[in-house]
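Got some structures for you, see below.
In what comes next, chain A is part of two complexes: it sits with chain B in the first one and with chain C in the second one.
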Partner chain A sequence: MEPLSTAQIIWSMFIQFMPVWVALIITFAVSITFKRKLGLYGKLFDSPVGMVGLFLVLFWVFTAFLADMIATFHPIEDVISSMRRKAPGTAIPNPDDFGYSYFLLGGDILGRDVFSRMVMGSREVLKIAPAATLFAFMAGIILGLPAGYFAGKLDTILSFIANLVLSFPVILLFFLLVTPEIVNSGIPRYMAGLLFLFPIIFLVILLNSRYYTQPPLRNMLVGTVVVLGGWVYLGLAWDADPLGMITMQGNQLIVFISVVFVNSPTVFRIVRGMVLDIQTRDYVAAAQTRGEGPWYIMLWEILPNARGPLLVDFCLRIGYTTILLGTLGFFGLGVSPESSDWGSTINAGKGQISFAAHIAVPPAIALMTLVLGLNLLADGLREESLKD
Partner chain B sequence: MPQREPYDGPILEIEDLSISFFTRLREIPAVMDFSCRVMPGEAMGLVGESGCGKSTVALGVMQDLGVNGRIVGGSIKFKGQDLGQMTLEQLSKIRGSEIAMIYQEPMASLNPAMKIGKQLMEVPMIHEGVSEDEAYRRALEVVEDVKLPDPARMLNSYPHQLSGGQQQRIVIAMALMANPSLLILDEPTTALDVTVEAAVVELVKDLGKKYGTSMLFISHNLGLVLETCDRICVMYSGEAVETGSIEDVFDQMQHPYTQALFRSIPLPGADKNARPLIAIPGNFPLPHERPNGCNFGPRCDYFEAGRCDAGDIKMHEVQGVERHKTRCLRFEEIDWDAPLELAETKTKGEIGDVVLKMDNLKKYYEVAASALFGGGNKKVVKANETLSFEARESETLAIVGESGCGKSTFAKVLMGLETATEGSITLDNKSIGNTPIENRDTKTVADVQMVFQNPFDTLNPSMTVGSQIIRALEIFKVGKNTDERRQRMLELLDLVKLPRAFADRMPRQLSGGQKQRVGIARAFAGDARIVVADEPVSALDVSVQAAVTDLLMEIQRKNKTTLLFISHDLSIVRYLSDRVMVMYLGHVVELGTTEQVFQPPYHPYTEALLSAVPIADTSVEKKHVVLEGDIPSAMNPPSGCPFQTRCGWKDKVAGGLCEKEVPPVRILAEGHQVKCHLSDAELAAMEPVIKIAAE
Partner chain C sequence: MGLFILKRLGLMLLTMLCLTFIVFWLTNLDAKLETLAKTQGSARMTDTEVQQWIANNGYDGSMIGRYGQWLGIVPGWTKEVRGEERGRCLEQGMTFADAPTYCGILQGDFGYSTVLRDDVSTIIKTRLTLTGKLMFWVMIVMVPMALIVGVLAGMREGSRTDRSLSVFSIVTTATPEYVSGVLFIFAVSAFGIKWLKGSAASAMDGLTFANFTLPVLTMALYGMGYIARMTRASMTEVMTAQYIRTARLKGVSFGNIVMKHALRNALIAPFTVIMLQFPWLLTGVVIVETLFNYKGFGWTLVQGASNNDIELLLSCSIVAVLVVLVTQLISDIGYVFLNPRIRVS
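And then the complex of A and B:
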């Protein structure tokens, strides 16, 4: 069969992404219709920058969710050796064995479909980046709140540790963490054991400080968190889920904790700064004069009112994390060699860049557009949250 | 000084000015159909509540409305030239040299990274291209004119090294450097303490006369405008409603809003039963929800349906009086001299037993000189010195003083956020002075509550009004379950006269006065017996102040609450309190019943405070006591009497005793004490500060 022309390639990809387009159109149509009722999210649709950002981000989010419908081949198993380094749009020799007859973006060094790998790669990134950022936020918030609120020695010590972590070269840290000796010594496990504890602590304190006045309700909520959280915690951090349902690959765990570890000090600093500002407000004084405990004041009086800057930083930080994951993948750290994640794909294609650029360029563009989208989204949020 | 061509015509002529702001939802008209004229040497006062568009007019004159604002109609002429037609280049020549503006916050107008001298010298160097030496000479001259001590040193300092009052003087000096024809002052003293404010106002008045500058004085304070201006323009919801000379408007007002405004502010000499405050009903309309016809219609006592809401109302000339106009259709029909209809006279609750007793309370703070590495010298800040007083059931005790006098520290110690260094606080014979709040039992905590100053800060912006009150109920263990608490919360909303529907609203949907009411409801959630009200109305608009004040007093009558009312506004203190305590730099300088404190003999500081309060009544004559300098820092208090650095009576005491010893507490009469060295004869010879001219 004839190879596809450029226009045909673009058209075919457009068709492949159809489920994403449908999802995007529905989301935007619904959001724009009800934008006045949706608070800050709704205001985003007044800012062109925010809309573009949201579009790019949602595009990749939906792609990750619907990847099975979009990908034309299996990203790892469908290897057609005659398709090695073939140009985009090349027809495969045995279309009857597969569901699709073209490698839309060509083949990679081993003869796998670049397009499908790029689509599937979004899953790898979006599986880790938001969750890792969320964990980093939990840790940063849990430590930043008391540092700002109580100040004094606690603040000095925590800030010092944060500075220490921030001054350590990130890449070196990663190399250290994946070194077999260190892995065998169990350090990553213990770090995971510590870092994954923060979300549970966060939720328990959050609920307890609010509902301790109603013990039955409190016991139920806190109990639920401890049971569910503990189950997930055992599975993720110690790979000891009694039901055997929740588990995390060792190398993914390392990537995860490294990302949380290097991100949380920055979050810590932001939260600490916000607390210093907000704790001078009268409603904080009002809470103090009616005898509220410090954690209630921190989590329910101060934190909700710091949400604007934190939300913006959250978006930016997912972007950084995405880049960080790309970097890690590029150095082959923490991911299996076969993985279709964008960083490793770019690395695999880097040797061929002068004669088969199509291997490295698509994942690079994908990475770029996602991060760009996140940054624009953060810009839009920041801009809109300042307006009335 | 640059000499200007004498100009006889009006300096500023605004005709039918309309300014709108454009948001993504709609056009918001901020100023509509506004006209005024300022003649050479004339001072024009622009008065109104927040959001009435007075600052927008000023920005319109400066042609500085930002991206969203636009002049949509009318013209602004400066010395006959239309400012709207000018190019940016022409405008920048006029701004800062012919028209100068002074803003509320002095620090915002000064460059913190530049020495004062350099900032002042820039003005003539840029606008007139004079040499550096000449500019320096002029800067020195102006700084002397604004009565700052040691001008040469002032010029060589950075803005942060000066106090707020000094900074504002520098800003005024900067405005005067160019000898402008028109000076716009946008609430120039709102950020300053009363005694400092009085000195700055005095200065502005003198300088206006000396330089012959025309002034546009924007303020929400009628008293200040009375003291500084020749003419006044009252604004309401984007429109000028009445304009005329000070005497005409103050004594023969021709607009219902002006009348209502005057009736809602406490004037000295009027007692609360004969002349109660009358709050203006309803709320200020939002710019996009203005009613048809007269904007003030829905809140007006003289409203006539079908006429007042029929169509746009123009300004009408008042017959027989020159340049006095009003925007009211019925001004000729209304009997302006009709006596006030007295609301039912309220009987004051019986004052009961002593509830709260402070004895020799002291609060010192240790401040480390270097925060980074600890150690170093420690300084002691004496925030409260030997505070002793009693407060009785259903009594209002006012605590008066300027910033830094220790009233907030006192409140913190009482609430248990800090513990006393020495002395004791007893609540119902139970000592609480050394019990921090986490160790107090629920009852004690619920008994002593606080109402805060800033309405925009007093509620958590992320929680609904109802849930904030319910939270207080939960903490105070009121009600057995959620339903009971919800019921009680609704009753509390009734108590503070807010609709029950407000329970589900977010604080940002409420106006300042409504938020303050929620704050009051929250304070009374646990049936508080002692409520510390920290300037509860000072941040509110005048028309709302009266309503909130009345509410507090009504609740007090009902619940027999002891109210500790912290304020610097002596008019309102006189109106509502039973006893007054005057504080200065941590010391109680005078304590007595309201009558005792407001009549001679005074403590010299009380005298100065009384004289500093601007009073919006043309029949009042005040003795002028202007205090020199600023309040000393509590870090470094003066030796001897704390007030000796600013006291005008110091030379009456022999042997420099004031600088050597802290005066002892002297009992002048039953329940009236003063901390002063003045002899009995001197004290007895004091004249009253406020005199009401015979009518």
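And then the complex of A and C:
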């Protein structure tokens, strides 16, 4: 068969992304219709920058969810050796064996479809980046609040540790930590055992400080958190899920852990700084006079008032985490060589750019647009939250 | 001020000790030593041979003790292996009698690199010079560009220039080095640009415009966006200040207001940001040097890390951490000089 022309390639990709377009149109139509009732999220639709950002982010989020419908080939198993390094739009020799007859963005070094790998790669990235950022925030918040609120020795020690981690060059830490030897030594399990405790502690303290006056309700909420959280915790951190449903592979765990580890000190510093500022407000003094406990004040008086900057930083940080994950993939750390995540695909194609650029360029552009979307979204959120 | 600097230096020393110990610990885990033994000896060694190799080369004994040896506060190990006198401080052909007792970094001995087979101090010196050149040009390109973009954008908040320059700086912060580098090399080969090269390997012998532009641009672009946005934020804040309004009402021209009144105050915040940007450049250096095949400090770090070259890695981490801490100190001190309202207690 004839290879596709550039216009045909673009059109075919547009068709392949159809489920994403439909989902995007529905989301935007619903959101714009009800934007006055949706709070800060609705206000995003007043700012062009925020809308573009949201569009890019949602595009990749929907792509990750619907990847099975979009991808034309299996990203790892469908290897056609005659399609090695073939240019975009080349027809495959045996279309009857597969559901699709073209490699839309060409073939990679082993003869796999670059387009499908890029689409599936979004799943790899979005599986880790937001969750890791969330964990980093939980750890940063739960340590930053008391450091700022109680100050004194606790603050000195925690700040020293945070600065210690911050002055450790990220790249060196990755190279030392994300290695098979470290995975085998079990260190990631211990670190995960510590870091994954923070979300549970966070939720328990959060609920307890609010509802300790109503013991039955409190017991129910805290109990649910402990049981559910403990289940996920055992599965993720110790690979000891009694039901055998939740597990995380060693090398994925170490990637997750090191990204959380690198991000949380920065969050700690931001939270600590904001607590120092908000602490002087009247409503904090009022709560103290009412006799509220310190954790109630920290979590229910101070934290909600710090949400704007934290939300903006959250968006930026997911982008930064995506870049970090890409860096790890670029150096081939912690991921299996055939993984379709964007960093590894760029790594695999970096030596071929001068003669087969289509291997490295699509994942590079994908990564760039996702991070750009997150940054624009953060910018839009900042602009809109400053307005009131 | 003197006490402040002294305190900071003490804290720096403590941080260095902690961090080098962490690096030491991570590189000296049993599993890593076994890998080292297999790469240095032979890949087909049996477990007992591996243990033998580890013992013969002084990697046995307590971790704290060996860390002390590396620092130079514990006497270096000595051993007799098959009638040959071996020791940490023994050069080729030396005997116990004429070797020094201590040889650690306090004595100025940074050790020997097992992978590059050379003294660590010479490796670091040559590689750091190469990276220094790269950093110098990155700074020369990045800082003025970032400041100009930031000042132009912040000068008239909300104008079309501001909008487009802000989007430009957001785009650059969203493009990490491994993305922009790939795109640059692609563009150079796709458009057949002959006067730029996609590799900087020849730049190690002599810098030319052709072989050094792409690496410098790749690094400068990613770092630039952040500085530009900080400059813009600081510039917009200054432009709304009372004294700027006074100057305007007095009839001073817009150009004069920006150049003479606003600029100096607007540049205080970016100074800190530029200083704190140095540590981030390290990751960039590693990526860019790998991508463009320029064998500087970043390349050395990758070599050391992938072969678990303990002493090379330790020295690399000293350099890296020193850069972080010194730039932090400079940014704090410089801030005080630039902004007379701030006093160090």
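Following the convention adopted for this analysis, the second predicted complex is superposed on the first by the 384 of 388 C-alpha atoms of A that agree within 3 Å, B and C clash if a C-alpha of one lies under 4 Å from a C-alpha of the other, contacts with A are read in each partner's own complex, and residues count from 1 in each chain.
Here is the rule we go by: contacts are C-beta pairs under 8 Å (C-beta built on N, C-alpha and C of every residue); 3 or more make two chains touch, one makes a residue touch a chain.
Please read all numbers here as calculations on a predicted model, not as lab measurements.
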Which of chain B and chain C A:292 touches, first, second, both or neither: first
First (chain B), second (chain C), both or neither touched by A:32: neither
Touched partner set for A:228, first chain B, second chain C, both or neither: neither
Touched partner set for A:213, first chain B, second chain C, both or neither: first
Partner chain(s) touched by A:281 [first = chain B, second = chain C, both, neither]: first
Chain B versus chain C as contact partner of A:18, first or second or both or neither: neither
Chain A: partner with more touched residues, chain B or chain C: C
Contacts on chain A seen with chain B and repeated with chain C across the two complexes: none
Parts of chain B lying in touch with chain A, wherever the complex brings them together: 23-24, 415-417, 437-438, 440, 442, 445-446, 448-450, 452-454, 457-463, 472, 474-477, 482, 519, 522, 526
In the complex with chain C, residue positions of chain A that touch it: 49, 160, 163-164, 166-172, 175-177, 179, 181-182, 184-185, 319, 323, 326-327, 330-331, 343, 346, 349-350, 353-355, 357, 360-361, 364-365, 367-368, 371-372, 374-376, 379
Complex contact set, residues of chain A against chain B: 46, 213-214, 281-283, 285-293, 300-301, 304-305, 307, 387-388
In the complex, chain C residues that touch chain A: 11, 15, 18-19, 22-23, 26-27, 29-32, 34-35, 166-167, 170-171, 173-176, 178-179, 182-183, 185-186, 189-190, 198, 279, 282-283, 286-287, 290-291, 298, 301-302, 305-306, 313, 316-317, 320-321, 324-325, 328
